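As written, the chains take the letters A, B, C, D and E, and residue 1 is the first residue of each chain.
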Amino acid sequence: MTAPILRVEDLHVRFSMSGGSLFGSSRHMLHAVNGVTFSLAKGECLSIVGESGCGKTTTALTILGLQQPTEGTISYRGQPFTGPNAPTRMQRAKAVQMVFQDPYASLNPRQTVRKSLSAPLRLHGITAASEIEARIEVMLKNVGLTPEQANRYPHEFSGGQRQRIGIARALILEPEIVVLDEPVSALDLSIRAQIINLLLDLKEQLSLSYLMISHDLSVVEHMSDRVLVMYFGEVVESGGWQQIFQTPAHPYTRRLIAAIPNVDDRISTPPNPKSRDLIVLKNAEFGTDTRVTPDVFRPPSQSKLIEIAEQHWVRISSV
Amino acid sequence: MLKTITTTAILSLGMATTVLASGEHYGGTLIFTAPYGSNFATLDEQASPNTQEELIAQAIHRALYSWDSTQNKPVLELAASEDVSSDGNVHTYHLRKNAIFHNGKPLTADDIVYSYKRIANPKNAFPGASYIAVIQGANEYIAGKSPDISGLKKIDENTLEITYTGPIDPGFSLMQNTTAIYPSNVKDESSFATHPVGLGPFVFKAHVPGSQVVVEKFDKYYKEGKPYLDHINIVLMAEDATRDVAFRNKEIDVSILGPTHYEIYQKDPALKDHLLEVAEVYTRGIGLNPALKPFQDKRVRQAINYAINTPLIVQRLIKNKAYPATGWLPLSSPAFDKNKAPYAFDPAKAKALLTEAGYPDGFEFEVTASPNESWGVPIVEAILPMLKKVGITVKPKPVESTVLGDQVTTNNFQSFLWSIPSGPDPLSAMRCFYSKTPQSACNFTSYASSEFDKLFEAAEQERDPSKQSDLLREANNLVQDDAPYWFFNYNKAVMAYQPWVHGLVPDANELAIQPYDQIWIDEIAPASRK
Amino acid sequence: MRFGFNFWLGATLTALVIFAGILAPWIAPFDPVFNADLMNSELPPDATFWFGTDAQGRDVLTRTLYGAQISLTVGIVSQLINSLIGVTLGMTGGYWGGWWDDLVSGLTNVMLAIPSLIFALAVLAVLGPGLPSLLIALGLTNWSWTCRVARSSTLSLKSQGYVQAAKILGYGDMRIMFTQILPNMMGPILVMATLGMGSAVLSEAALSFIGLGIQPPSPSWGSMLTDARQLIQLAPWIAVFPGLAIFLTVLGFNLLGDGLRDSLDPHMRTRKP
Amino acid sequence: MTQPLLDIRNLHLGLRLGRDLHPLLNDISFQIMPGEAYGLVGESGSGKSITSLAVMGLLRKPLSVSGGEIIFKDRNLLTLPKREMRRLRGKNVAMIFQEPMTALNPLSTVGRQIAEMFILHQGKNWREARRLAVDSLARVRVPNPERRVNDYPHQMSGGLRQRVMIAIALACDPDLLIADEPTTALDVTVQAEVLKLIKDLCAERQTAVLFISHDLGVIAAVCQRVGVMYAGCLVEENSTDRLFSDPQHPYTRGLLGALPRLGGRLENGRQRLVDIDSIITDRSILTKTRCIAPRIKEGSTP
Amino acid sequence: MFIFTIRRVLQTIPTVIVAALIIFVIFSVVPGTFATSLLADGKRAADPQLIARLNEELGLNKPLVERFATYITNLAHFNLGTSFRTRQPVINLITDRIWASFILASAAMMFALIVALPLGFIAALRPGSIVDTATMIGAVSGLSVPEFWLGLVLMYIFALQLNWLPSFGYGDGSFQNLILPAITLGVAPMALLARTTRAGVLDVLHSDFIRTAHAKGMSDVKVMRWHVARNALVLIITTVGLQFGSLVGQAVIIEKLFAWPGIGSLLVDSVAIRDIPVVQGTILVIVLWFLAINTAVDLIYAAIDPRIKQG
């Protein structure tokens, strides 16, 4: 695996929530992302999984520059992506792009496909009509659409086609990294396969790096190289996809995997809630049994990540 | 401006006969209307210069003098007689002994001194102060330089001596409702604004702000046998259309009519016999500012007068609810010249005059005007095509009524359309063209003519009323000829009344002010009035 | 988009008014101001004067046709000012948030609390009566509703994928507002503006009634109606035609606005007083 | 052989616009036995939700049944008088909807909304009904039912709200429970709990379930028999085991191949997912089923 | 709830202050003064000395900043100043008339509610039907007529032709006097409310929980009573509040037409004569009225809708 192109270090994002006092002055801080660290290598697909509210989307938005980190740094090819020397939107645009979850909300209904694709090119200094035309044509072919369809408006397309347009738009500036935000969860069953195949093809073809956000573990298993499991703003486990799916260590990861109703398992029995209270983790490094107490509502406040296998990290209670 | 039987027969065209002398009937309630706004500003009459409040003053208050519309001059009201010094400056008043305030206090000289000092009190800034200024020493008092008005001297309880600044007729000043006499024994002066106490025929009973004032018969009124009515409700009703409906619906007893309703009522057999009309002492017209170059030429000013078909506008737009003006002084003025012909409608002559003056292609000017239907923008609209025919382009400049007063008195206009008091005193009416009168006072067109000044100064000195009238008549004709204004009309005030109402009089000063103590209603009145 | 019966009725009425206004100089039989002839005043409708004549002897038909120009000007220009202020403040407030948004919201609340008729009255008192003043007065009064709609639309559009995408693609804030947000909230804004045109025409009539509307000799329906209210028994036609014109025009704008709203978003609620 | 609880025979249903009828369901027939969990699976627009609404008699105006019968306990629901149908709803046939967020009245306490069932169908007074509501909450394993009964929907998480919906649906021990994508809006771990709850409670009281979902895994977890719907047709029906192990219809096969399966990559490495479109373009394969409908092409909204 | 109330009330304070500032600034630059207004009716001779003296006396020749300081100081002491014309405290003039305004606004609102709610409901139950179209065109028509015109027509019909009702005024505050002005004023909010009710009920009828209610086996009547009415009310109540709050300000013309002694006619008259303290005071009271009603609506809203955060 090549050297990382994106590095996220000790990222914290807090939101202030207005309180209910007399003047609304007291503020509660919501710790949406709490000390997340990871890196993304060229050509790699890294997935962040977790349930709603776990901070996976906030992490992605911070990388895209749509959200300011409270603490921590993000760097892209060694250059800071945050802080006072952060790149402008224009500069960032050529590095990172995004494919959205909802194909219906992600396209401007007042712009034709051509407009949606040509405007970013013009914005980034490509003004020659012939070049714009050529790039749009190539891109539409890449995502499985025909150039004739470029003059249509989004409402003339189906969900799957819209998602293809969304992918085309994300790729038109030729970014290195693409953030995939639940790229198929809003799509119909029969379309999902096509989009997943397309994304995997494009990754190979254009040697893209994906940062995928998903709660659908079967899609994650299918697409990812590495997986990051988040729970209440913290990474509880990370590792290669085999490690996560074959030997999940953290109880939360196990619970997530167990909860997936699977056609093969026929009827999987969800774990008894009581068994969650105490889980004993074999730890090779310390040679002792470490007690991990995954709280149902909060991860333990005193905790740290330990490496239990090569590049396989698990959060344990450090008490 | 009070009372008394009238006729001014020439003016009361088609007026219904008011039966008097016999058949008077006691009791009942009169529903009177206050048409000038939708509230009474205050019940403290000394504080208000407005006709609206005068409608109440007429019921509750009395002043030293009152207006006699028969003789067309002020007469004594609260004094039984007066002695005038030979130089005409000092008047000694022998006050009525039977005049009693509503709070039971009999009228004494103290009350008059108290009232005049209150009106002139600089802290109050009452509008009536300028009337008190005719008394010697009043200006010093108003300016705060003297604790007393030196011209006011109490001789005894019922005798008062007043020294005036000159040999003037003080009646014009001291008959105003802003110079009404209040009792001197009321401790809390602010209560005048809510519970007025006066000498008038009716006692204040209730005020529903924004709605009405109710007054009740005063048993100890100083005039024997008066008043006839038990109650008067003076209801506020500013909107013409509403007043029309209410009047036809017999909810109110009198209604002041606008031009349109005048015409309608004249055509309505059920209403036409109960209209009371009078020529009022206001002159309406467009004042021309000599600051605008064309207006410096007398021929141009005359041309404007010739170019406008004034009688047609009066007839069609004002529905004859006005008298075409011949000059400045109105019909009812003692100095009015019946023989002087008005400007004829003669566009050809107007055109010729303009050419002569060097404006063959006309010119353009602005008329500042308020929305008033009888002397406002609609009139400008009517003259617009007429002046267009002689080449003059008129541009209406509409402003609010308040702003009109502001702009005219600060000489900020090319021309203005307004209604200006031109009586009852012809001398003060003609003062408006005296070159020494400030522009802001009343010489709005900055008129200056040595010939006029000579005539006016002579009239000022003249003590014989008829000779004075002759001088003023001459001066008036001079002004007409010079045409600093387009002379438009003198107002005709019209009041409709219900058939059961008797005793109304056509007062040339203000028709809406009626002698309440002489009004009575007969038995055909509906039950609600009994 | 499917439009209902109401929409088409409204569109027809509005189209009629627009045609009347545009074509007035050609189809009106007389001059609206200078054909005044007091000899002809208050004539009932006849072959020459189809709608009769007014107190000044002017043709009511002519003035009613020209009146459409004024009413349309009042409606359209005041709503343009309105929308411009409302959209600018609402969109920037909603987009940027923070103190600017607090300021915009605060100002909006103040403007909502001061009744529009009274505010217009105050502005007219300052500027003096007349068409330009009226346009400014009406333009300054009702933007708070537009502002609210623009702000809430912006807030919801801001989180839409394509707006986020535009940011990620490097668009500047201004460009995003103009190319991504503005075109997509034109629907509700248009509805507000259309309904606002109706109420502007009515406000003009109301202000004429207090004496602050369009001033003569301009043939505005509001002032025609106000002048004619005295004459309703004597010469009802002077009042009937401008009255009818106001009614049909406002009805047209309202139905058009309602119809637009129903087809744009059946659940968008009317809150404008 | 026992009598089926629900017997849908040749159901035709369409969108009536003026005189035209745009067919949405074509000749649907299936049966549910008492106590059986039956799954309907298909993509959005395949007609599975409309089928369930037709059973409930909750179709809205432009939708109308144009043929067939829905027999529930010997009675044809389509011809049942309105009043009878109303009595049946909630008491004999209950339903859970997809969005627990909006399916509950935000201005009423959940207790009241459960209690309404006892008022409507068991003639209880409000006091008794409320007590029963507490019991119902306890049965769906809501912690602190006495306190929670006074909560408003917005005070509950999605999972709890869906439990409340289940409590409402099962309040009167219906014979048939229709669950329309009951877990789609929930997180996976919550989904597992809710599914288990539905399974357990229905098994306990022998309630038959008509379970509608687009998620094959969920259907597999709950149902004994499955029907696959496609473009308004029921293209295949079989016991769950057989259907998943030996799908007959190419569409079913496509569906199964189109989605990555958990553990699939570990077993077989990354396999290219099946593109259903490429299978289904061969129209001849549709002839194997009774229902032949033109494939509704992507993008052409019906 | 208490804290919520207090907070909601405190939030209105900046609004009031800014409104006061705007009002002050506008009416400080208005041309014309109280003194020149005395000449407005064309019945009085101009007296430059009087004008100068009045301006001096009323403090109108002081610098703007000084006047504003006085104004704000007075406001801080809940003193609205003294009327130029009546020389009485402005607050007295307003309290004399606020009751009439309140009665008129309340009656108009009652009329609007009584007519609009059933109409809106009926229209919503049969959307697109002839009844719906007719109701809505009727409602919109009510909104399309100039108010004074409608008032005049009603006056001619009911007072003059039919002689059923008095045409004007407050009388002694009797109900009959109230009917015509209240109906005239109520027509516009009636039309808006009918539309809002229709939209609100439609909104509720299409919501999922109504489907749930039907799935429970509830009759239509019970669905209406138990679920639709209350939820629709939540949607309607904001409109009711905004309407009711702005009615006092809207009533200016109606009050003038029907000679109704409310603060609206006081305001118009005071503007005309430039009695600035009264103008400022009256507008401020109208603003406060609006804010008070809307605060009350928010509180009611919080009481019936549990989703509103309670302090």
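Everything below uses one rule, namely that contacts are C-beta pairs under 8 Å (C-beta built on N, C-alpha and C of every residue); 3 or more make two chains touch, one makes a residue touch a chain.
Values in this document were obtained by computation on a predicted structure and should not be read as measured data.
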{"item": "Fewest hops from subunit C to subunit D - one hop per pair of touching chains", "value": "2"}
{"item": "Chain whose average C-alpha position is farthest from subunit A's own", "value": "B"}
{"item": "Between C-E and A-C, the pair joined by more C-beta contacts", "value": "C-E"}
{"item": "Distance-maximising chain from subunit D - centres being C-alpha averages", "value": "B"}
{"item": "Interchain centroid distance [CA atoms averaged], subunit D/subunit E, Å", "value": "52"}
{"item": "Distance from the mean Cα position of subunit E to that of subunit B, given in whole angstrom", "value": "38"}
{"item": "Between subunit B and subunit D, centroid-to-centroid distance (C-alpha), Å", "value": "89"}
{"item": "Approximate Å spacing (C-alpha centroids) for the pair subunit B, subunit C", "value": "43"}
{"item": "Residue numbers of subunit C (touch at least two other chains)", "value": "125, 128, 229, 232"}
{"item": "Sequence positions of subunit D contacting 2 or more other chains", "value": "none"}
{"item": "For subunit A, residues contacting two or more additional chains", "value": "none"}
{"item": "Residues of subunit E that touch subunit B when the two form their complex", "value": "31-33, 36-51, 53-54, 56-58, 83, 85-88, 93, 96-97, 100, 152, 155-156, 159-160, 163, 166-172, 255-262, 265-266, 268-269, 272-274"}
{"item": "Of subunit D, residues touching subunit E in the complex", "value": "56, 58, 86-91, 94-95, 97, 99, 102-108, 116-117, 120-121, 152, 154-155, 165, 168"}
{"item": "Touch list for subunit D against partner subunit A, complex", "value": "43-44, 187-193, 195-196, 214-218, 220-222, 240-241, 244, 254-266, 270, 272-277, 298-299"}
{"item": "Subunit E contact footprint on subunit B (complex, rising order)", "value": "36-39, 41-42, 44, 47-51, 122, 124-125, 127, 129-130, 142, 190, 193, 208-212, 235-239, 241-242, 245-246, 248-249, 251, 282, 284, 370, 372, 375, 400-409, 418-421, 428, 438, 440-442, 444, 510"}
{"item": "Subunit E residues touching subunit C - in the complex, by the definition given at the top", "value": "14-15, 18-19, 22-23, 26-27, 29-31, 128, 133, 136-137, 140-141, 143-149, 152, 156, 188-189, 192, 195-196, 199-200, 202-203, 206, 235, 238-239, 242-243, 245-246, 248-250, 252-253, 256, 267-268, 271, 283, 286-287, 290-291"}
